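Same chain, two partners: subunit A is paired with subunit B first, then with subunit C.
Let's turn to the complex of A and B:
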């Protein structure tokens, strides 16, 4: 096995690692619902459209964060297209309205924590009598570059966690980082096999995780969500790695529905459970995380085909909360500005 | 009961979902497997129980047969995906678990894939697990392609492997009672 340190090797990027970017006055957002059929970017022109791509789950997880930050850039670009300069108070008001709209898009992801950074920078500019259109975009772009660097660093940490011969179970999708770490580990001659749960009802495990792992050269086996116990009992896996959408001060976290039962099973079968977190102390414990309950029709039908005949109800909680005592190690990303 | 909770604002949403979860706390019977139809004769509608049915990927036969039998008895079931069982336990919604078994022996029971997840969750949350006869025997393993499709629609990329166990052994430490 190679002794090279992971920092000496270039990281091959997955399209899911940075799925939204600003091009002129248009925000291009990767439509994750069309993967693996095609890589298509939705053109977003304003806050209303940004909220829609989030609500319709065209983007998710880290993509939501990028959409939020870039929507402020978009709206400030839009505000600057008139003949007269926009007064600072009016611009602050526009930024606050944009933040409010984004905060209401979905309940579980901590949108308010992200948007409050931008509102704070706008207020800071007014207090210091600095031009908002010059100051805030500079802060946003600088912040995003910092996050990008820290995420690449976390990819290296994940690659270090992966050992030769590992058989890793993952759930839903961690926005490129696991696949990129898998590629990095492979560069270091580590043989790692991944098991991806399909992740009903949107199939992010099948459509995104299995796709990007394979795309970056990893060996991957797809299983149904209900086969997790079987692969653990039969000792087919020796490690679990998942992402997270929201973290609490005590280490509890929220992630895609299905994560809690995986954590409980891993604990039962004494399998190490790793989670990629973005630490925050805004919420004390997992009991306080608002869990999104989505429209049950998203569960009861697939591409307009009914799952069962007859009139039945459905229940679709979008996320699980996992207590910190089930976590072996949190691989944290510092998201402070 | 209906679970159609449409998002309007975060606060409205939180109130509606919290109210729903409070209403059904401790009243859910979680069903998994393809049961002998007579099993459902003991289920009486209107006695405060909510019957939640797991999908049973990849065939969805568990959901289809159980929902059909319950609807025949004028009981409206609630369908969940197989990865949603944990949420119900975490929120203390589950009163008891019913699993269909194909075979029993001293060490435990041969049950549909997913039973071990429910058994371990039930043990952690002190919820009883009852196993009932299955209506038919399932194969031990499915084909790889079974997991690549959902209702006949391809959901997986090219060039990956699939692993499709259809049954699993549920050790007796996770079973409260065998019911025939």
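Let's turn to the complex of A and C:
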């Protein structure tokens, strides 16, 4: 069935892989801002609380997507708890209101692309004269399960890329997949050492990546973002693996600020550079990706204390774009399904 | 007299340019660890206190050199406060003890190179039958004044390199000279905008460079170390100017970790790369510079709070070596004098 030569072994899951889960009438959302100090799940009961969780950035990228999808399930559960069945029009209206509220929660994530799927399914149910509660939750769950399966498949692909003796540099955080692949590789007796950049200004490398790699038993060494060129020159790493926030049709991709210079340096030192992508035809090339300029306060303060003094301005592009020429191989999420 | 085409204007001094100064029987040492929150001078009265200041890293590079030189002046003052003149042998002995104590204060700085100068002057005085207190302080002060003059001359050279409209990237901190050159350039109606990297893990860029550039009236924008490639790709900078901790005979130099990757990126984008050097024949090439590996705790904690959790190892090379091929021009300290 598959070309890969790994035998079937269990994949141990990292909390960052699937950071939001429905349990009865409650959505449990991993509070990523408390990691690595605490593994705490926030209880979300309705749209308002979901919007709050997104707005306060308690969860990121894929976690936001999970919160959005599950919020519709929550609201349909809530609507169905009355004694009388809710009329289809009222339920569609409720779904649209939920979508609108979620779309407005943050400017950067393409929420509308996700919420419009659910609104579409609700309309489809009405057109086909099927009960919304009998149709939409099944579609949402099926959609999520499909993504889950394809992400687990990508974990296996990453594990195949990892070879015994590898010393892999990574940047920012790839939401569980790299740590899970590391665990899988070790089950196949491949010893891999990871170097994680701390990833200023948010320290995702120090707080998330180092934590989850260690949690799944991998060896990891933290380095300053400043030390990338130095460790490459000293031949301490032989592979780079990073994630991507947006992937383009031509292979360009956007990821956390710093990824671009790592790609340039890897190219300079002829170190293979791998990226996890979610292929998209919507964005043609990297030039079509608008770079989010974030609030420089994130650069000027830490733990609410000012690092600088007086009036110092900061410039904080949240991510940068890597041209496909610098990519050795894209480890793509299968999108046929 | 000079080839430079700048007219004579006052150079405004930055506190980081000359961070230790004798005032009567007290050596005032700028506590750089309190910058940018406080401009505070520690009062040093004797060798023991000087060693403490160095050991606690209250001052860095050039500041350490100033503390060492001035400590001999302090001790000679202290010895001379009695009623009877101190015998030459006893004074030489005291100077040697002071040198030994200073040499042992920290492993990285070449203290012995500096203290042996003073011990040599004391021996010379004895050989030539001159009173040590009449000879050595004059030599120390003359030596310091010579360096001061050559550093001010280098400030003028940097100001000549700065052109109207420049957008200059700098890394770590160059102990006052860049900020003073910026001030001088503005007096010549040259508008220059600076980008300072924050320079993890110590934040010298955020704490020292941004502070002193602003203090001398320059425009400065702070960026994450991760954003260097991005701002270069976006053509936001047209010049790089950095300092050097050690310069080699062949033009290679060592500087704060991160300098090397900035040089590689500048080369990639054909952005002129300038370095302030102290030419030395003692070190032939960059390969002869041992790279100090610092305590990774500096990477794992901030403001005494852990950034990471659990057992995460860190690797923290304190500086890296830039090969001369990547240097466009060295702005050298004149060493003829």
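By our rule, the second predicted complex is superposed on the first by the 312 of 337 C-alpha atoms of A that agree within 3 Å, B and C clash if a C-alpha of one lies under 4 Å from a C-alpha of the other, contacts with A are read in each partner's own complex, and residues count from 1 in each chain.
To be clear about the criterion, contacts are C-beta pairs under 8 Å (C-beta built on N, C-alpha and C of every residue); 3 or more make two chains touch, one makes a residue touch a chain.
Treat the numbers as computed from the prediction; the structure is a model and nothing was measured.
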item	value
Subunit A as common anchor, with subunit B and subunit C clashing or fitting	clash
Touching partner for A:290 - first (subunit B), second (subunit C), both, neither	first
Partner chain(s) touched by A:299 [first = subunit B, second = subunit C, both, neither]	both
Which of subunit B and subunit C A:153 touches, first, second, both or neither	neither
Touching partner for A:31 - first (subunit B), second (subunit C), both, neither	neither
Contacts of A:258 with subunit B and subunit C, given as first, second, both or neither	both
Touching partner for A:113 - first (subunit B), second (subunit C), both, neither	neither
Subunit A residues touched - subunit C or subunit B, whichever exceeds	B
Subunit B versus subunit C as contact partner of A:104, first or second or both or neither	first
First (subunit B), second (subunit C), both or neither touched by A:55	first
Subunit B and subunit C footprints on subunit A, overlapping residues	36, 195, 197-201, 203, 206-207, 210-211, 214, 220-231, 233, 236, 257-258, 260-261, 264-265, 268, 296, 299-300, 302-303, 305, 307-317, 320
Of subunit C, residues touching subunit A in the complex	35-37, 195, 197-201, 203, 206-207, 210-211, 214-215, 220-231, 233, 236, 256-258, 260-261, 264-265, 268, 296, 299-300, 302-303, 305, 307-317, 320
Residue ranges of subunit B touching subunit A (in the complex, touch as defined)	1-7, 9-10, 13-14, 16-17, 20, 52-58, 60, 63-64, 67-68, 71, 76-87, 89-90, 113-117, 119-121, 123-124, 147-148, 150-153, 155-165, 168-169
For the subunit A and subunit B complex, residues of the former touching the latter	36, 55, 103-104, 106-107, 171, 195, 197-201, 203, 206-207, 210-211, 214, 219-231, 233, 236, 257-262, 264-265, 268, 290-297, 299-300, 302-303, 305, 307-317, 320-321
